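Got a structure for you, written out below as structure tokens; questions coming shortly.
Read from first to last, the chains carry the letters A, B, C, D, E, F, G and H; within each, the first residue is number 1.
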Amino acid sequence: MQDPTDTAPLDVPSLELSIYLAGEIHSDWRDRFRDLLAGRGIEATFLGPQEDHGLSDDIGEKILGTQPGPRYRDLEGARVNTLRTRVHLRYADLVVACFTDTYRQWNTAADAGQAVAAGIPLVLVRAEEHVHALKELDALADLTVETLEQAAEAVAYITRR
Amino acid sequence: MQDPTDTAPLDVPSLELSIYLAGEIHSDWRDRFRDLLAGRGIEATFLGPQEDHGLSDDIGEKILGTQPGPRYRDLEGARVNTLRTRVHLRYADLVVACFTDTYRQWNTAADAGQAVAAGIPLVLVRAEEHVHALKELDALADLTVETLEQAAEAVAYITRR
Amino acid sequence: MQDPTDTAPLDVPSLELSIYLAGEIHSDWRDRFRDLLAGRGIEATFLGPQEDHGLSDDIGEKILGTQPGPRYRDLEGARVNTLRTRVHLRYADLVVACFTDTYRQWNTAADAGQAVAAGIPLVLVRAEEHVHALKELDALADLTVETLEQAAEAVAYITRR
Amino acid sequence: MQDPTDTAPLDVPSLELSIYLAGEIHSDWRDRFRDLLAGRGIEATFLGPQEDHGLSDDIGEKILGTQPGPRYRDLEGARVNTLRTRVHLRYADLVVACFTDTYRQWNTAADAGQAVAAGIPLVLVRAEEHVHALKELDALADLTVETLEQAAEAVAYITRR
Amino acid sequence: MQDPTDTAPLDVPSLELSIYLAGEIHSDWRDRFRDLLAGRGIEATFLGPQEDHGLSDDIGEKILGTQPGPRYRDLEGARVNTLRTRVHLRYADLVVACFTDTYRQWNTAADAGQAVAAGIPLVLVRAEEHVHALKELDALADLTVETLEQAAEAVAYITRR
Amino acid sequence: MQDPTDTAPLDVPSLELSIYLAGEIHSDWRDRFRDLLAGRGIEATFLGPQEDHGLSDDIGEKILGTQPGPRYRDLEGARVNTLRTRVHLRYADLVVACFTDTYRQWNTAADAGQAVAAGIPLVLVRAEEHVHALKELDALADLTVETLEQAAEAVAYITRR
Amino acid sequence: MQDPTDTAPLDVPSLELSIYLAGEIHSDWRDRFRDLLAGRGIEATFLGPQEDHGLSDDIGEKILGTQPGPRYRDLEGARVNTLRTRVHLRYADLVVACFTDTYRQWNTAADAGQAVAAGIPLVLVRAEEHVHALKELDALADLTVETLEQAAEAVAYITRR
Amino acid sequence: MQDPTDTAPLDVPSLELSIYLAGEIHSDWRDRFRDLLAGRGIEATFLGPQEDHGLSDDIGEKILGTQPGPRYRDLEGARVNTLRTRVHLRYADLVVACFTDTYRQWNTAADAGQAVAAGIPLVLVRAEEHVHALKELDALADLTVETLEQAAEAVAYITRR
């Protein structure tokens, strides 16, 4: 490539992505990821599930009132949560699906599957211990990394000229 | 979740949705719903059918002149109305379909069906008396509520971090 | 056109369509429509909702057991019914949506809306009394007729060379 | 409905579906499900992942030879497996996703997510103990049941007139 | 290529296409094209508009009864015709759009445009005199030829190994 | 509807559409249509073919140099023109296809067909003399009018609350 | 997994795929691949470009007559070839793209790119020498192998229960 | 066309496209193309692969650390690169694919194939020496030119009224 200072404008523009952050809502991984991008000077719109775990569990009855038993309490809460997910995914340019070291995280896998089938590019984040259990999602993802720092580096690489 | 005041920016951004309001155009439910969102500080673009019922019925002949008899007067009016609906639905991030207590409301059901098939997230609003007659639309919708206040709470939940 | 006996094969082939019959399940209109096609020598695969009304209402609890109250009894039944509808609509080459003279028929309208949005050709059948209330579905449909005989004539026209 | 013996043909046709069976490949749940359908006289084409667990794990190195270390052994095996899954899902009219009582089952969740986003109807099978962890997939599925017998009943309901 | 008699089966299979024949319905070009394919031993399913011109014009009133004036007589006839076209185009693997030397042929152009936008491969047939007027359709088509014999040769080329 | 001055904001927002103007490029109908919208206070982005007829015919050789004969001169010009059309149609919220009283206008019909198949709402403008020849496009369009004033009224109706 | 001889039917059915064979048409790799599948008892429909290289180059002028110079001779031949490719790709369940050791093979890469974007599963075959030059296609493919035998093994794996 | 100074606004707006620049990343053709557009006063957003060739080759190991051997070093680098390509292509209104006089350029052909299948308009740039080898891509592209100046002229033509 020619010296970019010759022909390119001084202020190289960067893409501003809308990134859906799929993963559990118990730990603070989203805050850490947002900080990692901010620390690299990357602006983005962050989408994702409700991050307040208590509110996420209660939202069905909070809106609709007490339901008859735990199954319908859960179903109604989940309907509000999936409404949110479907609206947010329509905006997403990129899904970052992060598996951490505990919880079932079936929503993370389902969101990743939805991204693949909907043609939304997918970055998978998972530690070495999950290599085998997540090998098919590794193959389906566009990129698989082990840490949030690596995911942030990848986002930097794709948004900067 | 960590205390959001630690790491999140002070001014948490919110999604600004384009919401198609499907339902009858005789009562003032759209105004009440817009007020409920405004009262919660939610900005949105509102889409939907022509809300002036007389104009909605007359628009075919108003544009094209007198037609031969009521069937073609109705068909031409409806062609203008469906042109509007199709253009608006292309912009919609969310459809709120509200069934009230009278009128046939077949357009409401048809619009809801279109939203489902087009992959546009759908919130159904219907009172308890219509639970049985609308049970399949309940199952097709992402969320079903009984009041406009509940629908506004759901919109608040999905647009706010 | 030249005399077809000159150049066309003697046995002109006809398309064998899969037709989804949307409409209420209380009257025998589907049987009458199937007879009308059979009487014209038209073979087709017929798709549609469960036609046994009692079974349609009971199917949720029949499969899943008693649910807590009528709303969830209805929702679970409806989930089975919409599963059926979604599977059948994927096979449909044509939807015939028939509005008769009673019942709410919101499912008929929702199915018609789904057909329109999914790009499945749609024939609407409705008597003169419903011209005004169904004028937008008239504009969205490919063809609107008043009787099942007329609908059968239209199917004959499109399946025969 | 009228007495079907009056107007319907004697041999009522039934849909023959292609059903993708998503779930773990350690237990014999697919054999039991196939038996349940066969016992109800339902013919279907069954699709799904490789059911021989050892072969599923080995297939990458079996085709490509030894890879450098477990991560790439897993990735290459997974690429063959996801190739299979993608080909099979293109044929599927219905996905039955079954969660059993052990293993991580992230592939099950990812396959279910793909079915939802690809518009393939989805039946979720999960025991009561997983109601909470799978509540969002419950809301996304067309139907959720607790046992394979219930799933077989649902398939019977949608394939029979 | 190796001598195909060595390794290939003796009876090389050929694709059996469904071909939509777009064009005017006044002359016998479809019969000639069907004969040209038959003469080359090519079997195909032929789709297209109603070829009986009188029936095509009358079909609206034939099904629905007399309409109020020529515009609505034409519109209702056209609704039946476009219902047929939409059903047939869903089956088409290939559209052959033939412009002859007279008539307005706006339907031919509209059908060709629909094929392009729907991703259905398109062969355009037009004589030299129309090169300029049809230059954009020439650019949009996959192939443009001047005679039906050439179109038949192209079909032979794509269906035979 | 309630008095809008009570609850609606004073400045009712209007949709700002991107409108593709399909039709011949010899007369000044686009300027007249743009004036009609401007006169109604409607802002829009106008898309469409190159309106300078000479440039439209010359553009292939202007870019690529002299081609061997009229057919390839036309084809190369048309390739540039259809590149433009395809880029513009991707932006269009609405297609207005206007048939005037002369020229072949096959591009107009092809563009209208593309709009229909691509799901872009379509308004057809044609004088009474073309009712019969354009009856199928009348049936495919969302709305058919006879004058540009009527088309402008329809645009006003769908963009204004 | 249970012993399959207990519960599975004796004659396990296998998927019969339509496989598009993308690659150069100078060597006999397709015959070898077809033999490899036949030797494994796998029946498939084989799709792909014209394998007679001379015919592939001549087909444009063979159908349309002599063109003015090599560029248009090539363009017209290519239009017939791409017509064939587009028709065949619509039938394909799987694309096997094979890069051999000479020729430019840009069509192979373009066909592979089309398969990826159209959602058709893709197996890439390339020798070790091309690892670097084809690394992005390796990442886009569902599976990458080095020999036709390996590709045949993969097809066997995905078509057999 | 009427004198545009009469009715058109003085400042004719132009489309601002997002253009994906597919091609090798060794020479400075992208800088030259950007300069050619800038010299014509055309503003655009430029998308494309990483233009720093060394970084493009190293990015996998730069993010993930040393991989076991060249094949996986290449695959991981390519996964980051294709993640970038997929994100960028979702934004693209137009793809300009430029073949220069050396390198294998299989990525260029694969990107062009993806653009065709994804419905993104495509301009092909290739010198006369590559006419034969690229004849099928010539037929698939919307427009084929020989120089970057010609491509810039085409972009000017489609973005300016």
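Definition applied: a residue touches a chain if its C-beta (ideal position, glycine included) is under 8 Å from a C-beta of that chain, and two chains touch if they have at least 3 such contacts.
This one's a predicted model, so the numbers in the text were calculated from it and none came from an experiment.
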| item | value |
| --- | --- |
| Which of C-D and D-H has more C-beta pairs touching across its chains | C-D |
| Same or different contact residues where chain H meets its copy chain G, judged by the half mark | same |
| Most distant chain from chain F, judged by the mean position of its C-alpha atoms | D |
| Between chain F and chain D, distance of the C-alpha-averaged centres to the nearest whole Å | 48 |
| Whole-Å gap separating chain D and chain E, where each centre is the average of the chain's CA atoms | 41 |
| Cα-centroid distance, chain E relative to chain H, in whole angstrom | 35 |
| For chain B paired with chain C, centre-to-centre distance based on mean C-alpha positions, whole Å | 26 |
| Multi-partner residues of chain B (at least 2 other chains) | 79, 82, 139, 142 |
| In the complex with chain A, residue positions of chain C that touch it | 68-69, 72 |
| Chain G partner contacts - residues on chain E that touch it in the complex | 1-2, 4, 6-8, 13, 15, 17, 93-94, 121, 123, 142-146, 150, 153-154, 157-158, 161 |
| Touch list for chain G against partner chain E, complex | 25, 28, 31, 34-35, 45-47, 50-53, 59, 62-64, 79-80, 82-84, 86-88, 90-91 |
| Contacting residues of chain G [partner chain H, same complex] | 70-71, 74-75, 77-79, 81-82, 85, 99, 104-118, 128, 131-140 |
